[in-house]
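Data block below; observations after.
As written, the chain order gives the labels A, B and C, with residue 1 at the start of each chain.
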Amino acid sequence: MKGIEKRLREEAKKLLETGSVSAVLAFRDGYDGDHPVPFAARDVSDADAIVFNEYCTHNLARYVTEYEPGTKIAIAAKGADSRALVVLIQEEKVKRDDLVILGIPCSGMKDARRGTVIDEATTGNTVNPVIHDIMLADQLPEPDTSPYSVLTDLESRGHDARWKFWRKELSRCIRCYACRNACPLCYCDPCFVDQTEPRWADKSPSLESNLMFHLTRFYHLAGRCVDCGDCSRACPMNIPLYLFHKKVAKECEEMFGQTAGMDPEETPVMVDFKVEDSDEILL
Amino acid sequence: MVKKIEHDRIQEIIAALMEKGILYAPVEDEEGVNFHLVDDPARVTLDFYNTVQGPKCAFFPQTEELIRYRMTHEGADAAEVEPDESPQVLFGVRPCDVRSLAIMDELFCGGGIVDPYWKNRRDNTTIIAYAFDTVDTVDFYGSFGIGAADDTGADILMVKVDGDLLLDARTEKGTALLAALDGLDEAAAEDEKRFAAAVEGAGALETRRIDTDCVARDLPGIFDSEFWQTEAAPCLNCGVCTFVCPTCHCFDITDETLFSKGRRVKTWDSCMFTDFTLHASGHNPRTKKHQRLRQRVNHKFSYYVTNCDVISCVGCGRCTRFCPVNIDIAGIVERARKRASSQQINNQ
Amino acid sequence: MKNPYMPMPVTIETIITEVDTDDIKTFRVVFDREEDAVAFQYLPGQFAEMSLYGTGESPIGIASSPTDEGYLEFTVQKAGMVTSELHGSDEGRTIGIRGPLGNTWPLEYLKGKNVVVVGGGFAFTTLRSLTRYMLDGGNRQRFENITVIYGARTPGLLIYKDELAAWEKRDDVETYITVDQGDENWQGREGFVPTICTEVAPSSNNTVAVICGPPIMIRFTLPVFFDLGFSKENIYTSLEMRMKCGFGKCGRCNVGSKYVCKDGPVFSLAELDALTPEY
């Protein structure tokens, strides 16, 4: 990781010196080294504050939509981050040419708050960035695990048991919207849940309103979620949102034969229609 | 007069407290240890550093019914949901969180109009504080003159020492409650000494500190500064900080109607949300996230001081611990103070 | 303990559509309970939360004057959920109000002074309350010269048309009504409110200006008054903010350390200058 940090700083300096980008999205130290904070380096002098370690788990693609279209941005992108960038490119929220993608192959990232190692159970298994301009380390061997094996337990339970599980989990939601706000693909302004005419969900975190929010969000992300796991890590209540996102992603892949965020030339499945598409949902 | 009970018998005391009123205590759940309404003594635990959320839910629940109504031809039939007056016990509250309640009293009970929902519950609650016996690296409650075994605002102070829980009343309410709990043993002279030693030991614990002198006066001076844009850059504008904070009090009032019946509720809201200040006309004084972060910090460390003479923060560290991007409010205030200072020097 | 969240029931007696775009209406309401009517003591400048069960509440300035006995009037612009529901209501519907809330126009400070009332478009409701109050019977002698300058974009958008006409006929108030753009029937003045202010050129000597209007009007009107020599202590305005509780606890409507619902909505420009510029 130290090697990556060094290279990240070097590349950031170069890019900022030549003025080819307005900002380099990376990380800096937080109140201690185990709690890094997403950071936009703008000056060459900022580059020295850049860090990269196993706690730099945040999906920096989240910040791309905050910039004016046309702004040139460099971004430190891990595997899932790069897939999020692909979706943003597919959805025309950012142009490929406006990005300098500093790819970071990595695995074994850590969740400081929970004291756990992050693996494909709670995030995808994309260890190598799927697009990049500059790779900051050697590619890692592709894992032979599936990002969906964690679903086996839930899938083996019957309908009633699963409904009971999600009712329990979603009734604990306090509607802080950390999940939505951490997601690089929840960029709608306004979000449906904030609208008053019509009001889709009540303000209070009753089960009915929480279901309305979460189920709608899960489906708004169908074919778009890149399994970065930031939503679940952001949740102060430890709700395993990744289980639902992964299930929707898995079904989408099976029905439409396409994985979210792999190829900028593709169109997201929910925006596209092919004659050979499954019509399971219609029957 | 100290009372004691072995920590292993904690369920007995919890069961006894449940008979005295509605009991809020730390309970182990999927999110970690958090204050919950207790229905099963077995779930209460004192094995934690601090709870996920503060104890304000015991007085200011996330959803509070104010009025129930039924639509009619002429308008609606409506009935007030009367503010609760049931006796309550709040068990296992860390000293910084106990202090948060007095800070909230300034708002809910001050300014001419009293919020009866808050006040009734506060008047009818007995608070059992739970002293810290360690510090962590995130808390900064020492900055506000709060000690690890501070009993300000508590009716009973409890310490955990060598497998025993030692409780000492601090108010008449506390004395009355302890006297009414049969399961507690009278403490021996030695226990009194252990209690005193634990309190003294806790008194020596030092959290990190920020300098709060003049912060209230100086913060508005850097209102226009780019400082806020830099500090707010990583912020996601979710509401985690406000919802785990023991002193955040912003709320919404909405009507929830299904067909013709409904209720008017008060619910927690957050100044960090984009639509918090959005007018029906579409105008929004705070469209940018740095304006919202600036509002939160200024409200807690400056405006609240102007209006209520106290900083609306107790240094519990929760916002820092739970912020998805690790924003540290103590750091922001420290840097703001330095910025304000240097700006003043530059202006001279 | 009184529950400040509980509205008092009132019945809508009459609804008057004020403008030709139909989106501003004046609701005259009467308290259902005598004790509420007696307890509701207000002064011009204050507002109330109008409550419609099933939809919500909206803070609306009180447009009637306390000298109008037996009823309250609220002039409401249709904007969001609650105001739309209100606009769709019929006479005879029971709704609720909470109040009176907020501070008042500075009546003590205005005593013995000339008062210039300046309003634009919809922003004239609590100014109308103030003017009615000042012109009423025994009150009139407490103030020196009263000047009213009020304008709207077109004649159809002037509110309180009958009242404006009545004021024009009085000799104890100088009334200047204007429109940005007249129509074929309009016989009166044409010109933007700031321009008319320049023409009227009220003296700043022992005079207080009370100004409400849309931001664009304020932006051009204030310099006129500064040029005329009005100090910031002698110019008052009323702010609007998104509100919920209306009494300074929900934390939503603050400008700096002041809550617009409780420390306002009336502020002098000098007071506003001391606050953080965020409205």
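As a working rule, a residue touches a chain if its C-beta (ideal position, glycine included) is under 8 Å from a C-beta of that chain, and two chains touch if they have at least 3 such contacts.
Predicted model only: the values in this text are computed from it and were never measured.
Nearest to the common centre of all protein CA atoms is the CA centroid of chain B.
Set against the C-alpha centre of chain B, every other chain centre is closer than that of C. The mean-CA centres of chain A and chain C are about 49 angstrom from one another, to the nearest whole unit.
Inter-chain spacing, taken between the CA centroids of chain B and chain C, is 39 Å. Rounded to whole angstrom units, the spacing between the C-alpha centres of chain A and chain B is 32.
Residues of chain B in contact with at least two other chains: 252, 254, 269.
Touching two or more other chains at once are residues 80-81 of chain C. Touching chain B in their complex are the following residues of chain A: 30-32, 35-40, 58, 62, 113, 169, 172, 174-178, 180-182, 189-190, 194, 202-206, 230, 233-234, 236-239. Note for the complex: chain C touches chain B at residues 1-7, 9, 53-58, 79-81, 83, 92-96, 240-242, 244-245, 247-254, 256-257, 262, 276-279. Interface of chain A with chain C (complex): residues 196-197, 199. Interface residues of chain B facing chain C in the complex, by the touch rule stated above, are 66-67, 69, 71, 74-76, 78, 80, 83, 107-108, 111-116, 119-120, 220, 223-224, 249-255, 257, 260, 262, 264, 266, 269, 271, 276-281, 285-286, 291, 295, 298-299, 302-303, 306-307.
The touching residues of chain B, when paired with chain A in their complex, are 29-32, 52, 62-63, 137-138, 233-234, 236-240, 242-244, 252, 254, 256, 265, 267-270, 273-275, 320-322, 324-328, 330-331.
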